[in-house]
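In what follows, structures are represented as structure tokens.
After this come two complexes, each holding chain A, first together with chain B and then together with chain C.
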Partner chain A sequence: MIDPIFQSDNYLLARKLLDGAVLRQEAIASNIANAETPGYRRLDVAADFASQLRSKLESGTLAQNKDSLAPSLIEDPHARTLRPDGNTVEIEKELLEMNRNTVEHDFLTELVSRNIKQMKMAISGRMV
Partner chain B sequence: MSLIGSINTLQTPLLNKLPGLTPNDSPTGPVKLPGIALPSGDVSATQPGGFGSVFENLVSAVDGKQKEAQAVTRDVLLGNTDNLHQSMIAMQEAGVAFQLMVEVRNKVVESYQELMRMPV
Partner chain C sequence: MNILSGIDVTAGALNAQKTRLDIVAQNIANAQTTRGPDGLPYQRKTVSFETELLRNTKAGGASLQSVHVGKISPDTTPGARVYDPSHPDAQKDGFVNMPNVNMAFEMVDLMSASRAYEANLSVVKNSRQMALKAMEIGK
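Right after this comes the complex of A and B.
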């Protein structure tokens, strides 16, 4: 009885994407912290997370797989560098990425809280 | 908003102020509007689905708004478009429509309970 309340595709998708956004924030933090570490290769969220989400959503099995899907961090395979120490971090790009991630996180948080709020309103019939 | 438009039709007394109405139109009964034919048959009887259909329209309008907002939001989540603002606006609109519906329902239930409490 309780489970179907939170099965809306958008809500599940937003939850999963929030996981991704949080993990990406960690990756960016780590990248910035290691901007001067010789030989450090920048981290990012693995691209297969997004493609998995997309395929699960299209096949309509997002609700069944909501626990098995998790984002993971990998070394960014596309990052190139011209620096002699082999470090692939570009601090400007990281800052830009962080701003983008913040906007995404804010949007997703808003979406999830709006969903919950509306569900509460529908249940109680009172404005919350 | 189509929602508000459907509520406006309830305000029959206002219709009497429209030009071209005959003065003996009753404020509560059916009103003869220029260019609009009266339904055939006994119009003085209670018409089926008066308030019911209004509420049905309201609910389906809210449902439509929700679905619309969901589709826009889905596009944003999947990265098909970057129009966060459109998704936000659609969600807000759907939220307000939903709030309106819940509030209307609350008022209807409240007035029913008020009627039931009335001493006869």
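Right after this comes the complex of A and C.
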């Protein structure tokens, strides 16, 4: 019975984006670990995850498709390099991206948290 | 999935970089060693890394790759020959075969290894912060 309450678009989006943030953290960890591996191509979360989320949100079918949407890792097709070893990792960019990703993750956890707090408040009738 | 995302990738890299630092330390320490256990001058060691396929992510995407130390191999280029007849390891013609350690190379290697180590440590720090935040959901 409580299920439909957790089907709001905002909550579902935050959950999916959290999955994406965690996977991106893994990709960045892999990129920084392989910063000196010749021929390594940097990984990133596939861009079609965000576009799929957007199209599902706009067509109002996010709740039906919540299980089929999952982020995946791909080799970044846009990464270019001038390094002779063919490695496409730029460590400064990765560190910046990691910090941005952490802030995004913090924001999303806060959003999910607030959603749950509101629910608790509605159930108990007092501030929690 | 780990609680600390990407921690096993980073652990491999930290370990590999630490081995590289150890080897650089060994090279610098032996920069003047003209007689090793085999009676020959010390040969500098170089570390080569290998990628390690960790797991395939679901949905058939690219897979995560960690690194580990593949091989520690000696650099076989000859060292300098220095004229020093009073040296205990001097040959008959008065020349001493010195190790092929180049201090400048070693220092550069030392710096890049410790910078790489620091970068990986900052990944651990951020992953930890993310995990702590995730555990606060609903509190």
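By definition in this document, the second predicted complex is superposed on the first by the 128 of 128 C-alpha atoms of A that agree within 3 Å, B and C clash if a C-alpha of one lies under 4 Å from a C-alpha of the other, contacts with A are read in each partner's own complex, and residues count from 1 in each chain.
The rule is simple: a contact is a pair of C-beta atoms (placed from the backbone, for glycine too) under 8 Å apart; a residue touches a chain by one contact, two chains touch by 3 or more.
Bear in mind that the values here come from a model prediction, so they are computed numbers and not experimental data.
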{"item": "When chain B and chain C are modelled together on chain A, clash or fit", "value": "fit"}
{"item": "Chain C, chain A and chain B - angle at the middle CA centre, rounded to the nearest 10 degrees", "value": "140"}
{"item": "Chain B versus chain C as contact partner of A:Ala70, first or second or both or neither", "value": "second"}
{"item": "A:Ala79 touches, of chain B and chain C: first, second, both or neither?", "value": "neither"}
{"item": "Partner chain(s) touched by A:Thr109 [first = chain B, second = chain C, both, neither]", "value": "second"}
{"item": "Comparison of chain B and chain C by chain A residues contacted", "value": "C"}
{"item": "First, second, both or neither for A:Glu26, with chain B first and chain C second", "value": "second"}
{"item": "Distance in angstrom between the closest Cα atoms of chain C and chain B, superposition on A", "value": "14"}
{"item": "Chain C-contacting residues of chain A that also contact chain B", "value": "110"}
{"item": "Touching residues (chain side chain C, partner chain A) in the complex", "value": "1, 5-7, 9-10, 12-13, 49, 51, 57-67, 112, 116, 119-120, 122-123, 126-127, 129-130, 133-134, 136-139"}
{"item": "Interfacial residue positions of chain A with respect to chain B in the complex", "value": "8-10, 13-14, 17, 50, 54, 57, 103, 107, 110-111, 114, 118, 121-122, 125-127"}
{"item": "Sites on chain B touched by chain A in the complex", "value": "70, 73-74, 76-79, 84, 87-88, 91, 95, 98-99, 102-103, 105-106"}
{"item": "Chain C-touching residues of chain A, taken from the complex the two chains share", "value": "18, 21-23, 25-30, 32-37, 40, 43, 46, 70, 72-75, 91, 94-95, 98-99, 101-102, 105-106, 109-110, 112-113, 116-117"}
